[in-house]
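Next, two complexes with chain A in common: one pairs it with chain B, the other with chain C.
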Partner chain A sequence: MEEPRIGVYICWCGNNIAKMVDVEAVAAEVGNLPNVVLAKTYKYMCSDPGQDLIIKDIRGHHLNRVIVAACSPRIHELTFRNAVEKAGINPYLFEMANIREQDSWVHTDRSEATKKAIDLVNAAIHRVRFHEPLQKRSVTVDPATLVIGGGISGMVAALEIANAGKQVYLVEKTDRLGGHVARFDLTFPHLSSAKQMIHPIIQRVENHPNIDVFKQSVIRDVSGYIGNFKALVQNGQPEPLELKFGNIIAATGLKSFDPSKIEEYGYGKFPDVVTSMEFEEILASGKVLTKHGKEPRNIAIIHCVGSRSKVYHEYCSRTCCMVALKFVNQIRAGLPECNIFEIYADMRAYGKGCEEFYAESTHRQIIFLMFDQQEKLPVIRQAEKTDDCNMLIEMDEKLSGESIEVPVDMVVLMVNMEAHDDVKDVVHAIGVSLCGNQFFIEKHPKLDPVATTTGGVYIVGTCQGPKDIPDSVAQARAAAARILATIAQGSVAVEVTTAFVNEEFCCGCQTCIRVCPYTAISFKEDKKSSEVNEVLCKGCGTCGSACPSGAITSKHFTDRQILSEIEGIMSMSYKEI
Partner chain B sequence: MSVRVQPELRNQLIQFGIGDWNACYHCGTCTAICPLSEEGFLFPRKKIRLMQMGLKDQLESSVEPWLCYYCGDCSKTCPRDANPGELMMSLRRYLTSKYDWTGLSKKFYTSEVWELAFILLFAALVVIAFLVILPSMGYHFTKELTADGGVKVNSFAPIHIVEIFDWTMAGVVATLLISNILRMYYQIIWKKSKTKVSLWVHIREFWLLIFNFAVQPKFSKCDDKRYWLSHWLLMSGYTIMFIVIVVYLPWFQTEKIYPVWHPQRLLGYYATIGLLFGLGVAIIGRLVRKDVKFQFSHVSDWLFVIMLTLTATTGILIHVFRINGMPVATFISYIAHMAVLVPMILIEVPFSKWSHLAYRPFAVYFAQLKKYAVPK
Partner chain C sequence: MPSDLPIPKPKLKLAIYWGAACGGCCVSVLDTHEKLLDIVAAADLVFWPIAMDIKYKDVEAFPDKSIDVTLFNGAVRNSENKRMAQVLRSKSKILVAYGACAYMGGIPGLANFHNRDEIFKRVYDETESTVNPEKIRPQTEYTVKEGKLDIPEMFNDVYTLNQVVEVDYFIPGCPPQSERLLEVFTAIATGAQLPPKGSVVGANEKTNCDECKRKKTDNKVIKKFYRPWEIQDDKETCFLEQGVICMGPATRGGCGVRCVTGNSPCRGCYGPPAAASDPGAKMMSAIGTMIDADSPEEIDKIIGTIVDPAGLFYRFSLPSSILGRKIIL
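Entry: the complex of A and B
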């Protein structure tokens, strides 16, 4: 190995670092350490002149290792890796020391913070000595795509990709396309017809030459990695069909909460207590009637059924408030004299046109009654013979502080959206994770909301969390665009900092296979040792730390690198202890 | 115990003013901005809630609508344009009709035909009294003047008869108002099953009633003090006139013409200026409709200011014609004055807008009593 020639750059980050850390002192202290050729400070290392400084020094001083002590590597590691690569050094021979988030921002004593910065930089110096150059790799992409779920999200994504001339396999569990949207009567906030919107989409999907629709089918035995997946489609036929595809879109959606669990509402006991989905069908029938065929004179709509509750689901289902207001408008149009009660916990009307829709709906002679979800749910009971109504709702009305009873003939329960019972099978098959609410987890909640941590697997629509039609469609089209981009490129870069197994040390215990969250490790019977699929591996290091015989090395996180980093951090200010 | 929601109450309430209180989504900005809303007496939001839900009993036992003096800050800051100030005004009309046991108040507030018919009926009775009844009793109009050139008013409007009539009218109005106030007391204090107020507290806090009647200190807490002033000028002018006419009529309605500095004339001039100033502010305000409190004028609001203005102007005319020795003009303006004054007193004071002269100070008194209520 050639002798390391290290260049150290301490960033001021304007005042962010320089105010709390004496950057010149840090540079002076580390400048004399073995292998350190130069140590410099600069106002903003990430700026173009900052990067040029590094490039010039690499060329002029023949540096072969570079350290930047600045912000978190999450922010600028890639920036500096690209810069050193430009000067002809392998980007993995670069290391970053975080002296902002982990130092200047969180401390108040300048001399102590300066000492800590020296420690952190020293750790990086120790580590970078043992860095090894790593090579970028890529795999080719099969242009076909598998879409799981034939609701509006899945169909829109499928159409987007198929219209670009690429093959799509659309797998739907039930016997029809359209999902929940096909069961809606009108949509909020513009009260336009759901059926008129969804039917042409179903037609286009079913007739599209580039889309193969598999109804009443489930997917199983998914294997492979980004660009090169394969799986079996099981649809009642004795022989399952094998499909090959490069990307997967999960659009499995959510289902309605079963309100019979909530005793207070008497769902199942009172025939005129219906769920919001059932009420959609009543509305679509053209006439709102009770089970006895009478026109209801009082209708109550109860919000947050199963939502925002410590007992059932803590999350908000996002769409029910606006669906309830849509109901209010529809009921008012059909039954001008009917008393309509909106029994809500909080009115959530965010989104384009929704607050306006709420304000407008308040003028439909609706009586809004508020209950406290945490304190006490409204209770529905049978009315007495002497009462002028079918049922009575007893509740503590929050905004008046009064205990009231509400006469009703029909109650609509705005049921929560929750995960399907078989959600775990799906996520296991395609290798994505679930959050506590059993929603699919996206790669980054803000910056990457349609990708997952598994390359080539995307999530769209409500399986990622409750959402309305526009958001589902936007996600579907975003995922399609991402997939089309990889197809167009023909290949995708894969993780470099993967793990590998030293077959000679492997004892064959298969611990690594059990702990790997990406199912990237398999066991080779012939060699009696584990093997890492470098395309699937994300370099998380779990296997490396679990391996009892030290046979697994995580590239860029070798034992040698980490131990010397620790040595570095302990060797300066703490030597007095 | 739960109370039944009564959505149909809305249909009754909307007859007393603007109806779209569903616009309110209970942010509470109105209550926060109101300089008069305080712990224990929070409004307007809470009252709007009772209206929305149709909680009749709770509404009718509310004292808060009378503690609002309609500065309009709530309506100005309402993010939903729900006009809380006007809703409180509508509620005061509704409550007035509820305190009144005769049912006439509700008729007058909800039907212009009824109100106009009664005004015309009383006016006609006044005209008949002067043209038929009094002459038949021997009191004839004369063109003769007094020694100092004044009109002989007593010839057609004899003091002792007018005085008896004034006292009778005051008695009728007072009986009605007092019975209504007792009903108001029953609703706000007596009916509360869980609490009671001791007799000593009733006596100790009674001064508040007098003080609030005379000065309206609560009104002065509203941000715009100008309305307090114009209201106070109007109210003090009216009170002086009322006392002078009912209690001191022989001292006031004289045939002799006193010099300008005489208290009889000075008091009259003050009362007239106070009335006209207050009325001017109200009329211009309601016409221009720039200020929130004057944006919505119910028929009862207009009738009140119009009738009071007519009473004041005909009163001025009587004075001018009398001291200038113009007997025919004095006679006509005297009849006209009585023809607006009598219906105004008989309709406005016990049944309509003017009843607030009693309900407001009593409400402050009752609110104070509520503060000292103890559990039974």
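Entry: the complex of A and C
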């Protein structure tokens, strides 16, 4: 290895760092350390003049390692990697020390914060000495796309890609396209027809020359990696069909919560207690009638059934409040004399036009009754013969503080939307992760909401979490745009900081196989050694730390680099203890 | 292996010494059986306290570098061990850390989970058979009528040999297998090209699993850890897959997988393989990935079934590990 010649740059970040960290003192302290050729400070290292400073020094002082002590590497690591690359150094010979988020922003004592900055920079100096150049790699992209799920998200994504002239395979578990939206009567907040919206989309998908639709079909044996996947479609035929594609969109949606678990509501016991999805069908039939064919005189709508509950699901299903208001508008239009009770825990009306919709709906002669979901759920019981109604709801009304009985002939339960039971099969097939609520996890909750940590696999619509139609469609189009961009490029860069197995040291214990979340490791019987598929590998490092023999190295996170870094962080101010 | 070792002219000078050791390493030399005769034909044993009567002052009088090879077994536990390590270093051309204790600290190194005060308190005050109302402690000097006696000082820490003096080669094992010793000795005696200084010799590059005949799969999913006597070993499945912690995958091969062949899990005496520095840390990381739990509480419960984890994972390697010792304030 060539002798390291390290340039260290301490950023002021305007006043963000310089206010709490004595940047000059840091530069003076680390400037004399072994292998450090120069240590400088600058007001904004990320600015063009800041980057030019690095490039000039690399050339003038023959630096072969560069450290910038500034903000989080999540923000500017790429900026500086590109800068050092411009000056002819491999970008992985750069290291960043975070003295802003991890230091100046979180401390109030300037001398302590300065000491910490010195430790963090010293850690980077220790680490960067052992950095090795890594080469960028890319793979070609098959222009076809697999879409799993034929609901509105899946169909919109499929159309977007197909309209750009690219092949789409759309696989739907059931015998029809349209998903939940096809079962809705009207949509909120404009009360426009769901059917008029969804049917033309179904038509376009089914007739599109670039879309192959597989109904009553499931995907199995997905293998490969970004740009180069293959899988089998199983649809009752004796021979499954093999498909090849470069990207995957999971649009598998979700399902209604089964309210029969909640005893208080008597779902399954009282025929006129129905779920919101069942009520959509009643509305779509054109007439709201009880099971005995009578016009109900009192209808109650109970919110948050299975949602925002410590027992069932803690999360909010997001759409039910507005669907409930849609229902009261529809009921009022059909049954002008009917008493309508909105039994809610909180009214949530975010989304464009929704608060206005709520305000308008309050003029429909609705009785709003509030309950405390954490304290006591309303209880539905059979009415006596002498009562002038079918059932009675006993509840503690929160705003008045009174215990009341509400007469009802029909109750609509606004059921929670929860993950499919078979969600784990999909997870395993395509390599995505689940959150605690069994929804797919996006790569970054804010900045990368439709990608996943598996390259080439995207998640759209409600499989990522409950959401309304506009949000689902936005995600679908976003994923399509991401995929079309990689198809247009023809190739995609794949992770550089991957793991590899040194066959000389692998003893074949196979500890690594199961720990890989990306199924990138396989055991080669002939070599008695594990092998990492570097295209599938995301460089998470799990196998490297699991390997008891030291045969697996995580590039850019070697034991040597990490232990040196720890030594660096412990060796300056720690000495004083 | 040749039955007759070539006799170099002049004969090699060989020394064998023990620091904090059990004596097993010296016995492993005797375990070469009739080959010992070949060794003494090829080399003069100039110093070997277990077998020969020779005083420290005689060794100190040797000229520097007059011993060709010294096999130093045992850890460095007291001032006597340290002084003899320094003397033998200067008298020897090749100093070999022989066995797990000299190499990594070994069983005596487990004392680094305590300190001198704790150990003295236990030994000189608390043990069930101790009566010591004056709380007398070992002294480093004592005056008798013949004069003043110097008694070695026990250190607070146990050290490996190379933490005290420069070491040329390391031969691992508790004790090293006698066949390996003969191979190394033959290489030196025949003037073969020796590996770079600092190498581990008399052992393999790969770990024990490479030679282990038990069936290994990726099915290392552990709900409960067992001690060997708690299971009915099927004698053919990887111990880890039966929930028994076996240090095999983090331990350099070379012993001939003796323990596992005898249906006992590997304890790790041959130390880390070439690519891993700290077998205890490596094995704990590996075990962490095998635990099959759905909640932090379940993880705690499963880990709770590992008896004496520190002693298990660092049985032979504590002083040489990243951990080094337990910090006792």
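Operating definition for what follows: the second predicted complex is superposed on the first by the 575 of 577 C-alpha atoms of A that agree within 3 Å, B and C clash if a C-alpha of one lies under 4 Å from a C-alpha of the other, contacts with A are read in each partner's own complex, and residues count from 1 in each chain.
Criterion: a residue touches a chain if its C-beta (ideal position, glycine included) is under 8 Å from a C-beta of that chain, and two chains touch if they have at least 3 such contacts.
Remember, predicted model here, so these are calculated numbers, not experimental data.
Student: Now for A:Gln374: first (chain B), second (chain C), both, or neither, which partner does it touch?
Tutor: A:Gln374: touches no partner chain.
Student: Looking at A:Ser72 after the superposition, I want to know if it touches chain B, chain C, both of them or none. Which is it: first, second, both, neither?
Tutor: Neither partner.
Student: Touching A:Asn82, do we find chain B (first), chain C (second), both, or neither?
Tutor: In the superposition, A:Asn82 contacts neither chain B nor chain C.
Student: Please indicate which partner A:Leu399 is in contact with in the superposed arrangement: first for chain B, second for chain C, both, or neither.
Tutor: first
Student: Applying the document's definition of touch, where does A:Asp559 land relative to chain B and chain C: first, second, both, or neither?
Tutor: second
Student: Looking at A:Asn15 after the superposition, I want to know if it touches chain B, chain C, both of them or none. Which is it: first, second, both, neither?
Tutor: Neither: A:Asn15 stays clear of chain B and chain C.
Student: If we overlay the two complexes on their shared chain A, which of chain B and chain C does A:Thr362 touch? Say first, second, both or neither.
Tutor: It touches chain B, and chain C stays clear.
Student: In the overlaid three-chain picture, which partner chain does A:Ser192 touch, first (chain B) or second (chain C), both, or neither?
Tutor: Once the two structures are laid over each other on A, A:Ser192 reaches no partner at all.
Student: With both complexes superposed on chain A, which partner does A:Gln203 reach: first (chain B), second (chain C), both or neither?
Tutor: neither
Student: Using the superposition on A, tell me which residues of chain A are in contact with chain B and, in the other complex, with chain C.
Tutor: Touching chain B and chain C on chain A: no residues.
Student: Tell me, which parts of chain A touch chain C in their complex?
Tutor: Per the stated touch rule, the residues are 502, 504-511, 513-515, 523, 528, 542, 545-551, 559, 563.
Student: Give every residue of chain B touching chain A within the complex, in rising order.
Tutor: Those residues of chain B that touch chain A are 1-5, 7, 10, 20, 22-23, 25-26, 45-46, 49-50, 52-55, 58, 80.
Student: Okay, in this complex, where on chain A does chain B touch?
Tutor: Touch list, chain A to chain B: 298, 339, 341, 347, 358-359, 362-370, 394, 397, 399-400, 402-407.
Student: Along chain C, where are the residues that touch chain A in the complex?
Tutor: Interface residues on the chain C side: 205-210, 216-218, 220-221, 238, 240, 248-250, 253, 272-277, 279, 282-283, 285-286, 288-290, 322.
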